[in-house]
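Listed next: structures, encoded as structure tokens.
Presented sequentially are two complexes of subunit A, the first with subunit B as partner and the second with subunit C.
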Partner chain A sequence: MARQRLTLLTGLLATFVTIYLLWNLRGPTGFILSLRAERLAALILVGAASGTATIIFQTIANNRLLTPGIVGFDSLFVFLQTMLVLSLGGLGYTALPDTPKFVAETACLVGAAMLLFGLLFRKGAEDVIRMILTGVILGVLLRGLAGFAQRLLDPSEFAIVQQAQFASFNVINDDQLTIAAIAVALALLASLWIAPSLDVAALGRTKARTLGLAHDQLVLSALAIISVLIAVSTALVGPITFLGLLSAGLAHLVLRDHRHMVLIPAAAVIGAAILVAGQAVFERLLGLQSALGVIVEFVGGLLFLLLVLRRPAR
Partner chain B sequence: MIEIENLSFRRGAVPILLNINLKVPNGGIAAIIGPNGAGKSTLLHCIAGLLTPANGRVWVDSVDVYAVREGERARLMALLTQHAATVPRLSVRDLVTFGRWPHHRGRPTREDVYKVTKALDVFELKEMASQDVEALSGGQRQRAFLAMAYAQDTPWMMLDEPLAALDPKYVRDIMDRLRALSGPKRSVVMVLHDLSTAARYADWCVALKAGRVFSSGSWEDTATSEALSELYETPLRLETVSGGAPVVVAGD
Partner chain C sequence: MKVAWLLAGGLLALALVSVSTGATSLWNGSVDRDLLLVVSRVPRTCAAMLAGAGLALAGVVVQQTVQNRLVEPGLTGTPEAAMLGLLAVTLLAPGAALAAKMSFAAAGALVGTIGFFALSRYVPRKDPMLLPLVGLIYAGILQASLVWAAWTTDLMQYISIWASGEFSGVLQGRYELLWIVAFLAVALYVAADRITILGLGEDYAKSLGLNYRRTVYLGLTIVAIMVAVVVVTVGAMPFVGLVVPNIVSRWRGDILRQNLPIIAALGAAFVLASDVVGRLVRWPYEIPAATIFAVLGAALFLWLLNAPRARPHG
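Right after this comes the complex of A and B.
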């Protein structure tokens, strides 16, 4: 049953992909298609990375309300961007070569994410409330520091930082896309490799350990995978806090299955489908009058509130 | 055999277990009894290797439980904790299949499928195998968790208050099943609060009081009316009702 539903979801994604590529195709077809294909690849990568990372994060945190964004990752990204602009200046920042900047930013985010998540999980994994609060407080602290630093910037530099705070799929660099694709593909393979262990981890640390799972080791591997997925996706297009929550929530809802071997691909496919469908509507129907990221955040935020109000955390 | 040597455990600065020295032989049912806060569950978790003591060592069938890896430990003993959690939309069969994890590590073989089916059979869960665990009653749920521990197919089953909040019908049902399962090849160690149940089913008794071993030995030799009264600091009498079943009665 779950596999059939996964196949249906994949079919749905394929439909959205076709619509995105072929809808309103006029003029120099080859050029437009290559442009759209590039953007499409970015949408699929980011959607898949975000969905997968959130499913894994929720499992090791034993809580289906969490996303890496909620516990401070997005604030970390904004803080890093602000510090970069502050230290290099607006001109220095924009003059940075794109690909090395992307690689350095990704590496920096992976390292910082491992530190942040490591700190949250070191003592708090058993106490979810404490973990969320620590994450939220760290997020507030980082945002506060970023806000303070932003006051020191001149208006043009501030505009650069502000632009980096919202996800954008409008300009995608080929080299960055290739690097991101390789990193995300490897991380997805690794997540499928640990999928059976995640099933056991979902029972909670104590139970998992009584079943012979090296839980702490698994959490470390999972955090490394999550960090790579979120860092690559954020460095590529910017932060989207609630996309993962939306994809993971829908994956659970549609599949009604506890096995990560199907949940992970489902969340990845749903994440990609949401972005592709959303971008198709924004580009073709609304003429790019708004940013897709803003709407995803709005819908995802509403879902988050709904989940919080509807049921207990677990 | 379980052998415990100079085991002490602290939670922060608070001592929970103090210099425990014990031996529990293989076979049958061993009950860990004692007043609230005596350290019963902590002792069970230390034996299962889930808690690391301040000092001391524990061997189960000559295996040092703190020196082996989780996988090997999980093939030696199954532990059923209080308030065992599940995940949403987990069927009874899936839950019991988790019991085979230490053996198949995520890639079940035919033998694993057979043992899961056998566990469902032993605990009469076949008819509800596809039901959601969260939809079961307390007694059925506990049976499902016991089936999971049974499917783990270990020489030792450690059960932390498996009868808590169950009505007498389920208590008897579960204890009869455990009695039937225990034998030379499978030993059951369980934390029990109900002394009458312990008196009826336990072969071995470990009594703890304030983190120390109060007494340890065969149930008949150890759990006398005087010893139980002293252990719980209240008058208790061990009596035999018609049919020969022992009960523990409060009062002089």
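Right after this comes the complex of A and C.
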């Protein structure tokens, strides 16, 4: 049942991709196709990354309202990047070759996220709303710190960081596309690898531990995977808070299944499909520039409010 | 009474520091000292104090109205709503007088604040942390609409001016609107007892003979105007209204008639101090007071969230 629906979702994504690629195609076909394919790849990577990251995050936080963006994961990335530029100088930063730089940034994020959120989850597992709020404010604090650090940069250095500040699907860092694709593929594989353990973890920390799961260890490895995925999506287009919430919520809704083996791919496919379809509609149909990120935030925010207000009383 | 003298003395000392701090020294004789004082330093000091007092008072009124200590207008969408009002008047009547812009901003802020108040009645009260979260998301939705409206009309730069509160642009003749805050503070002082009763909840307030609805709208109107004035003249500054009333309430309980002057003075002192720090950190360049306060305020809020209460409430 779930597998059929997953196939259906994949078919839907394939349709969107074809529409996006072939819509109104004329002139130098090869050139246009290569341009579109590049952006398409970025959209799919970002959508898949944030969908997967959110599903895993919701499981280890044991809460369907959370996304890594809400608790400030991407602010942490922006902050770390700012600190890197600040400490190395703009010239030193841009002189670094792409691959090691990305790896180093991601490694920083993995370390920092494990420290911060690992602590948060272990301490606050029983009081979920306090944990979310702490995370949200932590996000504000990190954004504030990044803003503060950016004031200390000179304009040319600032321009380097600025790219990571706003979500934009039109200016995509395509030189990082290959590394990003490899990273996302590895992270997806890893998340499927731990999918059975995630099924157990979804029962809650106490039950999972009774059943013999090394819960704390699993949380740490899940946080590492999430960090890689968030690093990819933030590096490519900038912070997006609610895309993951949309795709994870839809994945649960469509599949009605609790196995992460199918949930994770479904969330990835839905995330990618939302972005590709949205970009196709906005870019081609409505002729609007740059509005997609904002619309995703708007709709996702409404969904979040709806979920909060309809939450069954404990 | 001792506290009052202490606070007044501290504020005066801070004001003196603020007046004598800046890119140019007052005592090297190359500038006209009186002119510098009258045109720039004194207005700037007054503006910081008025903005701080206004935001802190607005915070306490909202907290009493929705009966939740973890919210404040700056984190629940009021500045965003004011900016939407400003954007509307900028688009509809670009040449409008300051008073007209001001009234549109205040009207927008009022609608946004009442919207949050209406939303707060649907949020389950069991968990006090839920409402601030809902407020943050509500603010995010307003922010998304604001960004979208500004993006499609090429007014993004306006927004970035309003969004981050700073005092470097304050000169004689450009901040006087802020004195409205002083008048409103007096009005609030007159209504202090009613607003204290508001904090007991709708049922209690009604059985004590208070016209609940009218008092709520009076309070929210004062909040909206105060926030709108601050946004129009210096820009948004989150966290002031949250941190200051909480500190005062932990310290002295909840009798507003006694507390309002202390809250106002402390708010003024905090904002003025962050402005002075912002002027000194990267002398002779400046860092916006809002940036400094966001870091400070977020850290304080995290402490408020997670520190055990010193003594039980009431």
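Operating definition for what follows: the second predicted complex is superposed on the first by the 238 of 314 C-alpha atoms of A that agree within 3 Å, B and C clash if a C-alpha of one lies under 4 Å from a C-alpha of the other, contacts with A are read in each partner's own complex, and residues count from 1 in each chain.
The criterion applied here is as follows: a contact is a pair of C-beta atoms (placed from the backbone, for glycine too) under 8 Å apart; a residue touches a chain by one contact, two chains touch by 3 or more.
Keep in mind it's a predicted model, so treat the numbers as computed, not measured.
S.K.: Going by the contact rule set out at the top, does A:136 touch subunit B (first), subunit C (second), both, or neither?
M.R.: second
S.K.: Thinking of the overlay built on chain A, is A:281 touched by subunit B (first), by subunit C (second), by both, or by neither?
M.R.: Touch partners of A:281: none, neither subunit B nor subunit C.
S.K.: Figure out whether A:241 sits in contact with subunit B (first) or subunit C (second), or with both, or with neither.
M.R.: Only subunit C is touched by A:241; subunit B is not.
S.K.: Using the touch definition from the top, say if A:147 reaches subunit B (first), subunit C (second), both or neither.
M.R.: second
S.K.: Is it subunit B or subunit C that touches the larger share of residues in subunit A?
M.R.: Touched residues of subunit A are more numerous for C.
S.K.: When the two structures are overlaid on chain A, which partner does A:86 contact: first (subunit B), second (subunit C), both, or neither?
M.R.: Neither partner.
S.K.: First (subunit B), second (subunit C), both or neither: which does A:302 touch?
M.R.: A:302 sits against subunit C, while subunit B stays out of touch.
S.K.: Jot down the residues of subunit A that show up as touching in both complexes, subunit B in one and subunit C in the other.
M.R.: Residues common to the subunit A contacts of subunit C and of subunit B are 314, listed in rising order.
S.K.: In the complex formed with subunit A, which residues of subunit C make contact?
M.R.: 70, 119, 122-124, 126-127, 129-130, 132-134, 136-138, 140-141, 144-145, 147-148, 151-152, 164, 238, 282, 287-288, 291-292, 294-295, 298-299, 301-302, 305-306
S.K.: Which residues of subunit B touch subunit A once you look at their complex with the stated criterion?
M.R.: It is residues 48, 50, 69-75, 78-79, 81, 84-90, 94, 98-99, 101-102, 105-107, 152 of subunit B that touch subunit A.
S.K.: Using the touch rule from the top, collect the residues of subunit A that touch subunit C in their complex.
M.R.: Residues of subunit A touching subunit C: 129-130, 132-134, 136-138, 140-141, 143-145, 147-148, 151-152, 241, 288-291, 294-295, 297-298, 301-302, 304-305, 308-309, 311, 313-314.
S.K.: Touching subunit B in the complex: which residues of subunit A?
M.R.: Its residues touching subunit B are 195-197, 199-200, 202-204, 206-207, 209-215, 252, 256-258, 314.
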